[in-house]
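Same chain, two partners: subunit A is paired with subunit B first, then with subunit C.
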Partner chain A sequence: MTTAPVLPPDVSRAEFDQAIGELGEVVGPAWVFHEEPRLLGYQDHFAIREQSLRAPSAAVAPADVEEIQRVLAIARNRRIPLWVVSTGRNLAYGAAAPRKAGCIVLDLKRMNRILEVNEKHAYAVVEPGVSYFDLYNHLQKIGSKLWIDCAAPGWGGVMGNLMDRGVGYTPYGEHFMWQCGMQVVLADGTVVETGMGGQPGSTAAHSWRYGRGPWVDGMFTQANFGIATRLGIHLMPEPPGYRPYLVTFPREDDVHQVTEIIRPLKLGMLIPNAAVTVELNLEASVAVSRAQYFSGEGPLPDSVRRKIMADLNVGMWNFYGALYGPEKIMDNNWKVIEESFAQVPGARFFFGKDRAGEPAFGYRAKLMRGIPNMTEFGILNWMPNGAHVGFSPMAAVDGKTALEQYHFARDLAHKYGFDYTGEYIVGWRDMHHVFVIFYSRDNADQKKRVHELMIAMIDDAAARGYGEYRTHLDYMDRIAGTYNWNNGALMRVNQRIKDALDPSGILAPGKSGIWPAAMRGTPQP
Partner chain B sequence: MFTRREFLQTTLIALAMPAAAAAMPPAAPGTRARLIAIGGCLEGDAFCAANLPDVTRVGPDVGEILQLLLRGEHEADVGLYCGLTRDSDFVLIRQVLLERGLRQAYLGDHVATPTGWRHELRADAQTLERILPAFASDDAAWAGGVAACCGWFARAGRMSAQHVLANASYARPAAAATQLKSWAFRP
Partner chain C sequence: MSRPGIALLVAAGLVHGCGEDSTPAGKPAAAPVAVTAASAPGHADGQKVFEHWCLPCHAEGPGHPGTNRLAERLGVENSVLLDRENLNEVYIQTVVRNGFQMMPPFRPTELSDREVEAVAVYVVSGGGRKSAQGEKL
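Right, the complex of A and B next:
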C-alpha cells in the first residue's frame, strides 16, 4: 500500500497502487517515488498559494526512450496524467511541481547523456537531464574550444531551459534560436525526429533545423504535445578575445535613453550578446540584504536606495555587456559603445579590473562567456527566508516602452508593499523584462500580496499591450487568457493540437494554460 | 576567497566526537559527515573551529558544492550533511539533498538584528535539548556549538520540536549576512 498523500484525479488508492507497481516493473522500484519524504524534492518550495494545490502523487524516473514509452502506456491505460520535467529546478516558476495536483512527475534527470559534441560544426546533442554544469564540464574535459550559453542557474537543464524558451547571456543567449534537431515521444508512444532528422541517415540533422515541409519543433516548446527526449544545440566557437564591461547610470528614468542607445548597437551587432540592464535593487541584492539598510515595511525609501548606490558604487541602472573578438575589433567596438553611452549624463564605465572581487560583476562576467555558476541565487537573501517569482513581460527595444513598463511595474509593486527588483535582458529586437518579485517563504501576508500583485500586473500589462513570455504554474491560465485575439483563436488551435496528439490528456495538463478536453470548462485551482 | 584546489579538497571526515560532546553515543562505524560552512564570516569560522580542518567553505557561488552533491560520486557512505550557510545556499543544498532522498533532521534559523540574535531551532526534542547550551554564549561560538552536535544530528528523528531563543548582539562586520541557517540532513 502506498502512502502518497495525494492521488491522481479520479483514481482510487487501489488503482494507484497497481500503477505504482507497474511503473516499478518498468523503471525498477528504486526509480518510483511515492513516499512523502521522497516527494519533497518535487514540491514548489517557493509556493505562493497552498503547496497542496501543486502536490504530485508520485514521481517516476525512466532511463531511456523505451522506458518512457512503457510509462506512457501505463498512464494511458490508467488515465493518470504525467507532469514532465528535465531537471525541474527552476525555482521561480514552480520547480518540479505539477500544475495539477495528483499528477505523477515524469522526471527525466536520469537521461543525462551528452550524445555528441561536434567540434567542427559547433554543436552538441544532449538528453533532457544534462545540466549546464554537465555540458560545460564535459567540454572542458575534452579540451573543446566551444562555449555553451547558460541561464543564470548553472544547475538548470540545457534542454529544459530551451524547451521553456529561456535565455542566457552570450551572443547565443536566445536559446531556442540555436536549437537544431529534436527527438519527441508523443503520448501514444510514437517517436518523432524533427527537421532533417526525419530523413533516415541524415548528415545535416544538427546543421539545418528545418528539413522540408512544416517545421514543428516550436510546437513542442512551452507545451504539452509531446516529450522532448533529445535535441541538438549549436555552440559558440571560442572567440579570440573576451572583455566584459559594466556601465552605470545614476537616475531611474535613464532606462529610457539607455534603451534608445542600445537598440542600434544591438541591431548593428556592436553589442553581440544578450546583455542586461539591471535596476539598482536587483543589482544590490546579490551582495547585500535589504535588512542591512532598512528595517521598515514597504518599498525602500529613495534616500536608502541612494545610500546603497553609493556604498556599492553602482547605478540606478547597470548595463552589463561584453566585447568578443580580436583585440583590435574589441578596441574599435568599445569606442563606439563608450561614446554612445557617454551621452547619458553621469554614465560611468568599468571593466573587470575595476570590479575585482565583486560578486555581481564576477558572476555576470562568467555568464556572458558561458561559465555556469549559482551566484545569482544570492539575491534570495534580499529578504529573510527569501523566495522569488518572475513577472516577465516582453518589450521591444524601445526607450518609451522600457520606461513605461518600469513605471507600471514599480508603481504596482509599491502599491502592494514590495520593492521593484528587475532587469531587461536585451535580445536582437526584444527585451525580456524580468521583474523578480521577492517575498518571504514563511510570510503568509506577503504571499497573499504577491499573488494579488501578479494578478494586477498580468491584467495591467495586457491592457497596455504587453504579454508575458513565461510564468509560474499559478499564472499559466491567466496569462494564456490574455492571448485572446479573435475570441481565443490561438488557444483553440492549441486545444485542437492537444486533442489530436494526446486524446487521453495524459501529458502535463494545464501547461501554458492548455488543458485536455476532459478538464476544460471547469476552472482548475 | 578559496582556491579551486582548496575547494575541491575532499571534505569528508570521520564523524568525530568533539570533546564538548563526549556524552554523545558513538557514531556508527563507517558513517561520515559532509560539513559545509559559509566563508568569510565569524560564525562560519566558529563552525569550522569545532571540526577543524575539514569543512567546505562556500563563498558567493555555492555551485561547486552543489555539483559535488549532484554527481554523488563520493557520497555513498555519507551519513550526515550538516552546515551553516546563508539562507539562499541552504535552499539550494536542501533541494539537492531532498532529491536524493535525504530527510531533514535539524534546522536553525539565525537572524541578526541591531539588538541581538534570534535563533529558531527545530529538531526532535532530545536533539533540541542537547543543542540549546550552544547558545549560552554571547559571541559567535554558538556556531561552533551547533557543529559540535553533528553526532546527534546523525541520529535525530523527525523535527517535531521547536525552540526560540535570543542572545545579545556582538561586533560583526557591517556587510556580514543578517540571516544564517544551520541545518542537518541524514538518510
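Right, the complex of A and C next:
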C-alpha cells in the first residue's frame, strides 16, 4: 500500500494504489514516485501559502511519447489529473508543484534528447527535458556557430520556458517568436504535428511555422489542452562582433525618459536584443545582501540606497544592452545610442573593460550572447533563507507607463514592508515588467504580507489597465479573472476548447485559471 | 497508437529538415540505479555530476549564488564547497534531495540515487584532493 499523504481528488487509497501499480507497469516502478521523501522535489520550495495546497500525490516520468499515451489512458480511466512539467525549475512561479493538490505530476525530464541541430538553417529540435545548459554544452561540443537564447537561470528548460512564454536577452529573447514546429499529445492520446509538420515528409517543418490553415501552436502555450513533447527552436547565428554595454542613470524617475529614448532605438533595431532596464535594488542583489547594509525592517531607507549605488558604481536605473555585427556597424550604432542616452542628465556609459570582475555586468554580458549561467539565482541572497515570487505586468514601451508602473509597484511594496526589486525587459513594442518580491522562506509574517501584496498589485494593475503575462500557481485564477472583457468571453472560449480536447479533465486542472467542467464554479484553494 | 505507429512517427519527425546540415544527437536518460546493483560510483562520475549541477552555483569567486550564500552564513573561508572540511556524505545527499534554504531539492529524474551518492563522495573528497577520511592528500 502506498503512503502518499495526499490523494487525487475523489480517488480512494485502493484506487490510487492500483493506479500506481499500473503506472509502474508502463514506465517501470523506478520511475513512479509516491513516497513522501521522493516527492520533495515536486513541492513548491518557495511556497507563499501552505505547501500542502500544492502537494502532488505522486509523480510519473515517462521516457517517450508512447509511454505518455499509456499514462494518459490510465489517467482517463481512473479520472486522475496530471500536472505536466519539463525541467520544473521556475521557482518564482511554483517550480514542479501542481496547481491542485493530489494531481500526479507528469515529469518529462527524462525526455531530454536534442534530436537535431541544423547549422545551415539555424535551428534545433528538442524534447522537454533539455535544459539551457544541455543545449549550450551540446552546441559547444559539436563546434556549432549557433547561439541559444536562455532565461537567466541556466537550469531552466528550452521547451518549458518557451511553452510558458518566457523571455531571454539576445535578439531572440522573445522565445515563443522563435518556435517552429511542435509535437503535441492530446488528452485522448492523439499525437499532432503542427504547422508544416502536418504534411508527411515535410522539408520545412522547422523553417516555416504556419503551414496552412489555422495555426494552433499558441493554443498549447500557458495552457492545459495538450502535452508538448517536442519542438523546433530557431537559433541565432553567431554574429561577427558582440559588444555588451551598461548605461546608468542616477534618479528614480529617470525611467520615464530612458524608456522614451529606448522606444525608437528598439523599433529602429539599433537595440536589437531583449535589453533590460534594472532598478538599483535588483541590480545590487547579485553582488551584495540587504543585511550588509541594513538590519532594520521595512524598505531600505533612501540614504542606504544611495550608499549602495555609490559602492557598486551603478545607477538608480541600469540599462544593459548589446551591439551585434561587424565592427563598423557596431561603431555607428553606438554613436546613435550614446547620443540618445546622453540626453539624460548624469547618464554614464560602460563597456566590459570598465566592469571587469563585476558579477552583474559579467552575467548580463553572458546572457545577452546566450551563455547560460546561474548568477541571477543569487538575487535570493538579498534575504536570508531567500525565496521569490514574480509580479509581471506588461507595459508598452512608453515612459509614462513605465513610471506609473514603477511608482504603484514601489509604493505598494513599501506599504507592505518590502523593497521594490524589479526590471523592465524590453521587447519590440512591449516591456515585461518583472517585480521580483523577495522574502524569507521561514518567515510566516513576511509570506502573509507577500500574499496580500500580490493580491493588491494584481487588482491595482487591472484597475489601471495592466495585465500580467505569467504568474505563480497561487495567482492564476485571480489574474485570469482580470481578463474579463465581455463577461469573460476569453475564458469561456478557453473552457470550450478545454471541454472539446480534454473532456475527462485530466490535463493540468487550473493552469492559467482554466479548470475542467467538473471543477468549475467552486473556488479552488 | 501502436508501437509501430510511434516508431513511424518518430522516424518522420527526424526526417523533418534533417539532412547533411543536421546533427542528430542526444540519448535517453539512464534509469536510477540502486548503488548495490553496480560497482560504487567513481571519482569521474562525481566530477561529472558536480560540474554540471553544482559548479554553476558553488564555484569559487563572485557571481556564484551558493558560494555567496555560504560566505554570508559561514564566512568566506567556508564558502567554497570543495574546500569545506566539515561535510559528510549523508549530509550532502540529504541537502541535494531535501533542499536547504534557497537551494531547492533535486528530483530523482534530475539526479539518480547513484549520481547523488557519487557527487556526495566527490564533494567530501574535496574534488579528489582529500582522502576518504578527510585528510588532504
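As a convention for this text, the second predicted complex is superposed on the first by the 525 of 525 C-alpha atoms of A that agree within 3 Å, B and C clash if a C-alpha of one lies under 4 Å from a C-alpha of the other, contacts with A are read in each partner's own complex, and residues count from 1 in each chain.
Convention: contacts are C-beta pairs under 8 Å (C-beta built on N, C-alpha and C of every residue); 3 or more make two chains touch, one makes a residue touch a chain.
Values in this document were obtained by computation on a predicted structure and should not be read as measured data.
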Partners on subunit A (subunit B, subunit C) - clash or fit: clash
Which superposed partner A:S202 touches (first subunit B, second subunit C, both, neither): second
Partner chain in contact with A:A291 - subunit B first, subunit C second, else both or neither: both
First (subunit B), second (subunit C), both or neither touched by A:G129: second
First, second, both or neither for A:H121, with subunit B first and subunit C second: second
Touching partner for A:G41 - first (subunit B), second (subunit C), both, neither: both
Greater residue coverage of subunit A in the superposed arrangement, subunit B or subunit C: C
Touched partner set for A:G154, first subunit B, second subunit C, both or neither: both
Partner chain in contact with A:A63 - subunit B first, subunit C second, else both or neither: second
Contacts of A:R113 with subunit B and subunit C, given as first, second, both or neither: second
Footprint overlap on subunit A, where subunit B in one structure and subunit C in the other make contact: 33, 37-38, 40-41, 45, 89, 91, 95, 109, 133, 154-155, 286-287, 289, 291, 357, 359, 362-363, 373-375, 377-378, 380-381, 384-386
Parts of subunit C lying in touch with subunit A, wherever the complex brings them together: 1, 3, 6, 9-10, 12-19, 21-29, 31-32, 52, 56-57, 62-65, 68-69, 72, 97-99, 101-102, 104-110
Subunit A to subunit B touching residues, read off their complex: 33, 37-38, 40-41, 45, 89, 91, 95, 109, 131, 133, 137, 154-155, 286-289, 291-292, 295, 357, 359, 362-363, 372-375, 377-381, 384-386
Residues of subunit A that touch subunit C when the two form their complex: 28, 30-31, 33, 37-38, 40-43, 45-46, 59, 61, 63-66, 69, 88-89, 91, 95-96, 107, 109-121, 123, 125, 127, 129-130, 133, 138, 142, 144, 154-155, 181, 183, 189, 191, 193, 196-197, 200-207, 230, 232, 286-287, 289, 291, 357-359, 362-363, 373-375, 377-378, 380-381, 384-387, 441
Subunit A-touching residues of subunit B, taken from the complex the two chains share: 1, 60-63, 66-67, 70, 86-89, 91-92, 94-96, 98-101, 103, 109, 111, 113, 174-175, 177-179
